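Before anything else, here's the structure in question.
Each chain gets a letter, A, B, C and D, in the order it is written, and its residues are counted from 1.
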């Protein structure tokens, strides 16, 4: 049923929708960044779409991900073909998931982002739920959201340098705020 | 003037004072005292206190406190009255009378005066916060 | 040195009093808080040790129970609460996250509350069983009686330094 | 002249004369900080108050951020189960089930999970949901001063902990579910103990409802406090008991039935105004529905295997591992490399204690997930707190925050 949503999107936005797929039962539409707000507004306001419940938004960092050249036949088949690193694909991809309580369908919008201009228009005025969700992505991945009411770190403290969930941030690099000096007691 | 009746009262007061005094003395004597700038800071759930508590906040705090005081003292006056209720009786002499008219009417007037005050305060919405 | 003997006797009496009425400041952050509730609940009742009365202000509590993971952002908060506690004070690290950071070895979880404050008794377990918590409390009571708590030792050392001149 | 007259005559009706004009007061900034009994220890609210009334508030979560995502990128699929236990630590089983279903969806084996395992997953999820609501309502009642219901609910929760401890070995952090099924089978006397426990639990529920439902203080503190409209709730992405209290009938177990929820009949309580008392009633009703479901599940649970017997997904049975070399190697490879999941990404969601608990897993073909994002309902529900408490008194923050049931581990991930 949600296939209808994807077709409606491609029909209406044409080239802005780079690709659509529905593997594992999830409908995914890859949208270009500059058309994101338009697509989102359409999805929310169009009565046939009626995506009123925002599910979540996050970001994927593809640094160093190796993609299999041939897709294994059964999901359990161990891929024998060696994977090759991907360098032409943009490093980040924003992921928004929306749900419609009216029509009971769900869609996931992916927005590929290049590494050196990590800016995405904010959707927090369309759905207030994205206020904190975007702050979390800003805190963890460093993606700037233009038009966000108050974009600041939500999980880490202000003195924290860097964005921890990026693949190049080592897991155990701590930036301690306070430590006690070890006296002999 | 039989002084005996006041002996139990005096001993209980003395005991109370001795008891409290003992504990405060123990705390002062035994308890170590180590002052540090961090300890002198006001405790605001562990985070840095913002602004100074000296700001001029609403007068309602004072209002609610005073009104509480009024009605608290009212109940405080009821205790001695309740203890001596039987002896205040008018009909049939002390201790014997079933219905104590004098004591009851006396407290009734006291309470009605305060109820009038309560009604006035209630209408002026000085009790609640909004 | 008559003073020395009487104080120790008085000190023992005071420690005996402190031992049986530890007022805890439950610095609860994570999953161990649920087990802390179970310890305070009727079945594993902590009231039998006189420590069931949680005081949510450091001014009125002797025992700081660090319950759950301490993150880097929570560090200054924990240090300030510890500093504002009245002497003598003791600290129990409740659970492996408060003791060593547990299996959260990453940029945000602090490897143990003792990075920030001196801890008297560590309780392993994630979360520890209520029996372990009561056992830790008994350990702490023994430590209080013998005056080996961090704040007690620090106090005695300062006394000796002052007396030593 | 009018000014002086007004002062001389004293205040006319308080209603039409604005209080503030006369005695201007400054706003005070107060920290309802991270280490506060009502803030569940991990949220700091910076309040700008005018006397007792909250003018503006800035809710700051993040004091219990334990990097669930970063840790899960460095662990194999099976090693992530202990981390999911500690997300929503008052209903850990539901997190396990939610995560397992996400990985099974990626593996494409979601429908081949044996029926008995699905029934066991529903049973332990409903038990965990009951402990979630018991802790939430008990703690909120205690924060409003009602200490006895808290102890009664903890007594009930203690029985449930013992039951789950006997089943999975741990009181709180079970790690009981596996990918493709569950770790071990129900204990032999599980049925009698659970039915007896449900009977006793019903009495506790009756007692507490008698104490709280028509308690003057409880109702005054809860009713009409923090109402929330349905449209705002949906726009804020709220899900779970808080959304149902606003009147929106959205329950994943009904709208997107998973496991065997379509074979159990239960009804979904829906509130009207979305204030704290509605949220309390919805949670109490959900406890009863969960008990009802547990009885049905216990009645028609079939016999059979409890884990998928596919070699690439499940560990070989212990007997074979010690006797045959192939099972030994497979066991070793499975533990060290983890389950090889074909590259892809999938989002799967279950009805958690506080709302829609979803896992968005991206796999790259190795045994470790490339990304494992958890859609935590507490984090998204807590966004509404700053809007709900503005205009209320400071003492109203306690019931509002109690009833949102913000769990540190799940909110700060």
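In this section, a residue touches a chain if its C-beta (ideal position, glycine included) is under 8 Å from a C-beta of that chain, and two chains touch if they have at least 3 such contacts.
No experiment lies behind these values; they were computed from the predicted model shown.
Ranked by number of C-beta pairs in contact, the top chain pair is A-D.
Centre-to-centre spacing of subunit A and subunit B amounts to 62 Å, using the average Cα coordinate of each chain. Work out the mean CA point of subunit A and of subunit D, and you get 24 Å between them. Taking the mean of the C-alpha atoms as each chain's centre, subunit C and subunit D sit 30 Å apart. Distance from the subunit A centre to the subunit C centre is 44 Å, each centre being the mean of its Cα atoms. For subunit D, the set of residues touching two or more other chains reads 33-36, 62, 65, 67, 70-71. Residues of subunit C in contact with at least two other chains: 73, 77-78, 81, 106-108. Counting partners per residue, subunit B has 45-47 as the residues that reach two or more other chains. If each chain is drawn as a node and touching chains are joined, the picture fits none of the line, ring, star or complete shapes. Screening every pair of chains for touch gives A-C, A-D, B-C, B-D, C-D.
Subunit D makes touch with subunit B in their complex at residues 14-15, 23-36, 39, 44, 46, 50-53, 393. If you check the complex, the residues on subunit B that touch subunit D are 44-51, 53, 55-61, 124-126, 129-130.
Every residue of subunit C that touches subunit D in the complex is listed here, in rising order: 26-31, 33-35, 37-38, 41-43, 54, 56, 68-69, 71, 73-74, 77-78, 81, 103-104, 106-109, 126-127, 129. Taken in their complex, subunit C has these residues touching subunit A: 72-73, 75-76, 79, 105-108, 110, 115-118, 150, 153-154.
If you check the complex, the residues on subunit D that touch subunit C are 33-37, 40-42, 62-67, 70-71, 82-83, 85-86, 89-90, 135, 139, 151, 154-155, 157-158, 161, 171-173, 408-409.
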